[in-house]
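Everything below concerns the one structure shown next.
Note that the chains are named A, B, C and D in the order they appear, and that numbering of residues resets to 1 at the start of each chain.
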Amino acid sequence: MEVGFLGLGIMGKAMCMNLLRNGFKVTVWNRTLSKCEELVEHGASIGETPAAVMKKCKYTIAMLSDPSAALAVAFDKDGVLEQMCTGKGYIDMSTVDADTSKKISEVISKKGGYFLEAPVSGSKKPAEDGQLVILAAGDKVLFDEAIPAFNVMGKKSFFLGQIGNGAKMKLVVNMIMGSMMNAFSEGLVLADRSGLSQQTLLDVLELGAIATPMFKMKGPAMIQNNFTPAFPLKHQQKDMRLALALGDENAVSMPVAAAANEEFKKARSMGFGDHDFSAVYETVKTYGHSK
Amino acid sequence: MEVGFLGLGIMGKAMCMNLLRNGFKVTVWNRTLSKCEELVEHGASIGETPAAVMKKCKYTIAMLSDPSAALAVAFDKDGVLEQMCTGKGYIDMSTVDADTSKKISEVISKKGGYFLEAPVSGSKKPAEDGQLVILAAGDKVLFDEAIPAFNVMGKKSFFLGQIGNGAKMKLVVNMIMGSMMNAFSEGLVLADRSGLSQQTLLDVLELGAIATPMFKMKGPAMIQNNFTPAFPLKHQQKDMRLALALGDENAVSMPVAAAANEEFKKARSMGFGDHDFSAVYETVKTYGHSK
Amino acid sequence: MEVGFLGLGIMGKAMCMNLLRNGFKVTVWNRTLSKCEELVEHGASIGETPAAVMKKCKYTIAMLSDPSAALAVAFDKDGVLEQMCTGKGYIDMSTVDADTSKKISEVISKKGGYFLEAPVSGSKKPAEDGQLVILAAGDKVLFDEAIPAFNVMGKKSFFLGQIGNGAKMKLVVNMIMGSMMNAFSEGLVLADRSGLSQQTLLDVLELGAIATPMFKMKGPAMIQNNFTPAFPLKHQQKDMRLALALGDENAVSMPVAAAANEEFKKARSMGFGDHDFSAVYETVKTYGHSK
Amino acid sequence: MEVGFLGLGIMGKAMCMNLLRNGFKVTVWNRTLSKCEELVEHGASIGETPAAVMKKCKYTIAMLSDPSAALAVAFDKDGVLEQMCTGKGYIDMSTVDADTSKKISEVISKKGGYFLEAPVSGSKKPAEDGQLVILAAGDKVLFDEAIPAFNVMGKKSFFLGQIGNGAKMKLVVNMIMGSMMNAFSEGLVLADRSGLSQQTLLDVLELGAIATPMFKMKGPAMIQNNFTPAFPLKHQQKDMRLALALGDENAVSMPVAAAANEEFKKARSMGFGDHDFSAVYETVKTYGHSK
């Protein structure tokens, strides 16, 4: 099957590689064209612009960093919409807010095309291993046609109904995750300052009711101050912000998420935006100004 | 082996039953003596007071609800200390703050006895299944001698060093858990108010990096407003308070834990103190005063 | 001097009355036209649409409830921009975010007009008494020409520089105010539940370093559960949201404002959106679910 | 009138000086005896221990830094209680929690003495100017007899009823103050990072509904990073902690106070404990780790 793929960041590149390894013909595009090279070595073709990719392929997948990138790739000159027409499907797997998704969906429908929002749950390693969880919503027919591609990128795909539902589900999941990362960081710092072994805390957590793959994967790196990004902190904080905005629309008060969001902002102000989101641990540790 | 067992609440009763089923001779005591009956049916003897139990047994285990109960059982008239002497061991498995533990430990040492603090991680079901995680600290010899009892009550026992370390580790773990339960509740409410299926959220969480036994066990009951207590909310909030106090001593700022603690207090003020701690979900849902 | 006035809510009506009483010829417009009647009795003329008002007057003032109302009045059919041209001045005194202000400013400039954002600090009573504080930014010439009008509506006018600065200053002030109202509410509830007299607390506060007109004015009504709106809670919460968004852009972490914002959201969910923003006191008091 | 005065910190020294200047014979004591010298130059006598002071004087006032100091001065060897007897009055003006106050009160009553807790609202300057607000509770007769002394130390004295009420009222006031200082700091940082003038923000605040003596007095010093202590941050944070504990006892949820308390803890961890409590502004500003 031939697909287009727009956006070759940490996630996009890994997902695209899985398609290539599994026999898909892929035409790629990335804002920084040099990032396409590694994919070309594995059999991809290059599209000069999102429009060029859309023109060539029946189905195009996008994996962009945030709502403004998703809107730009859709609406800008040489963007996807220029070549959108009846029979073509656009699958936006970026994490955006429901409004952005609806904007893109409406214009695509007007041009006769199919649209599916399909954000994913999982970061770099699950993306590489084809073990993502795909949260799709929108056009059911396009969802069914996308299943072969979803099956090589993820371990399970959900169809969640109307446009906006995939975006919302993703934000809810990432909001819980961001609060949990803060709780974990606070526990690690409290343990250390109280004279306990952080490694022992990790061992204890692994045995109990709150054991989680995230703690297991990231804990050891965190206590060695290693924050090589799997999921950049600035994106996690963007997701907290969007989740809180969704809550605001529906008058849902979320004090723990709000506190976690402020800690991520503090981490950004300290220069950790491009680190892994687990770098919020550094923020919780604080800095001695003088003793 | 013959042991005393003081405190037959949700946890103590389950732990004591495991000892009885595994061939231990147990002498029990509980403030409300009627609670001893079921244990007697399974082979336990009754001690009229903590002192009577301590007099009879070489080793006595306590499983009380909070620091003031732990102090009362130790220091009050007819309490444990009246019969403490050289050669006797006291193992307090209650969750208390490090200061309470130290107080008890000092007086026991003065009287020539051995003391081990050994709070547990895990609630009703792990207690029933003998799958607790035991966080011991204090006298290493007593720890080694307690291993046979620990092995039927728990799946793993840690020796964490000096008195206070067990108490602190327990508080750190419960603090993370309390924040996570708040994050989970906020996610469930946000999903529901945004038009998503809460059951689907549970399914998505189970597949991802933040899957956890606690979400799996409690999620379904929560969305049906079932809060039968495994771990009473007032005890969880007491643990958050003690964890924040530990942080305060060490100048560790923990904004997410502080926000979670306030939500638990709100839940108490709404009358949920004796419900399971997952009842904080009800607090997050809020009540419409007028529309 | 002849001016147009768009928006006759709690604030707009009071400000407009001051203009009328001080000899200004005013042409008014409001979405609900019936609200114009009282102003007509005091000498105002009616404009059928914002465009009609703009056509008639050299200067037009707007006092709308939020960014979307401000944008609608500017951009919609029969909106202000249809009749904007060289020589005309538009003074938007609504509280909006800096981006909304900039959007309106740019389009007005393109059409050759003058624009001044001029949000105000103060609510119903200062508006009635002509004692507002005016936070203007944008076109300095228009600011100077507006001084006669500002002097009857307010006690002091600041010129803060480039477009966006007035909007930002207003949001900063209202953010501090929203956090203070929460702190005050928490103090009142704590006093009451601890067995202290709330009236005595008000007396003590008035004598000390944290005496403030807001506590003096609103305290007595609050403790009698009287929340007749001077400044609706939903608008206060909108301002907290916009202030937090401004902080987010600049990576400024504001945990106390974030916590206050969540309390205002909770108040909205409890149906207090149209009450005075001091109704957050009711949220802090909470509701007993069962005892 | 002859009185004893225990505790010559920032507050105690200033209060004592007012007594001396107004014709009171004062016998002073301080843990660091050298601090007594300046008072001696103004006519005070020295007592070697709290007991010695109590023995000499019919009335003794204490002004200590926290609950443990207050308890030590009362209960330790050579403490106040050794010389307490019928006819003697003890007035503890320290800021403590209600439990500490009750402990001291009970023992004094048993010995036949009178006790009045009388914490004050106001810091260094009001103390120097004799403009404190005195929040007394306990023995009404002793309150009436203390009025001459209160009138030179303060501008107004309240009698609030039973023991504990003075302590509680003080904590409520300081809790509101701590949250307000955080809100003020967040506003100052937000203004600065958004390109606004902090001095203009101070000017705007002074004209509006949230003008307060604290902002006026401390704002200019804060924006120049001057935190010479009038009220040390570690004491303010101690008061937030005690206020939150009072809330906890009464199941009063106070999320804004909790968030403010965490910011003060962060400030302590950054070494600002001995600075003025306005140094929490530095914490809100954060530190760039890298840009």
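The rule we apply is simple: a residue touches a chain if its C-beta (ideal position, glycine included) is under 8 Å from a C-beta of that chain, and two chains touch if they have at least 3 such contacts.
What you see is a predicted model, and the numbers here were worked out from it, not measured in a lab.
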A-D or A-B, whichever has more C-beta pairs in contact: A-B
Farthest chain relative to chain D (centres taken as mean CA coordinates): A
Between chain B and chain D, centroid-to-centroid distance (C-alpha), Å: 38
Chain A and chain D, separation of their C-alpha mean positions in angstrom: 51
Mean-CA-position distance for chain B and chain A (Å): 38
Sites on chain D at which at least two other chains make contact: 247, 251-255, 258-259, 262-263, 266, 269, 286
Chain B-touching residues of chain D, taken from the complex the two chains share: 241, 247-248, 251-255, 258-259, 261-263, 265-266, 268-269
Chain B to chain C touching residues, read off their complex: 255, 259, 266, 269-272, 282, 286-291
Sites on chain B touched by chain A in the complex: 121-123, 126, 133, 135, 155-156, 158, 160, 165, 168-169, 172-173, 175-177, 179-180, 182-184, 186-187, 189-191, 193-197, 200-201, 203-205, 207-214, 217, 243, 246-247, 250-260, 262-263, 284, 286
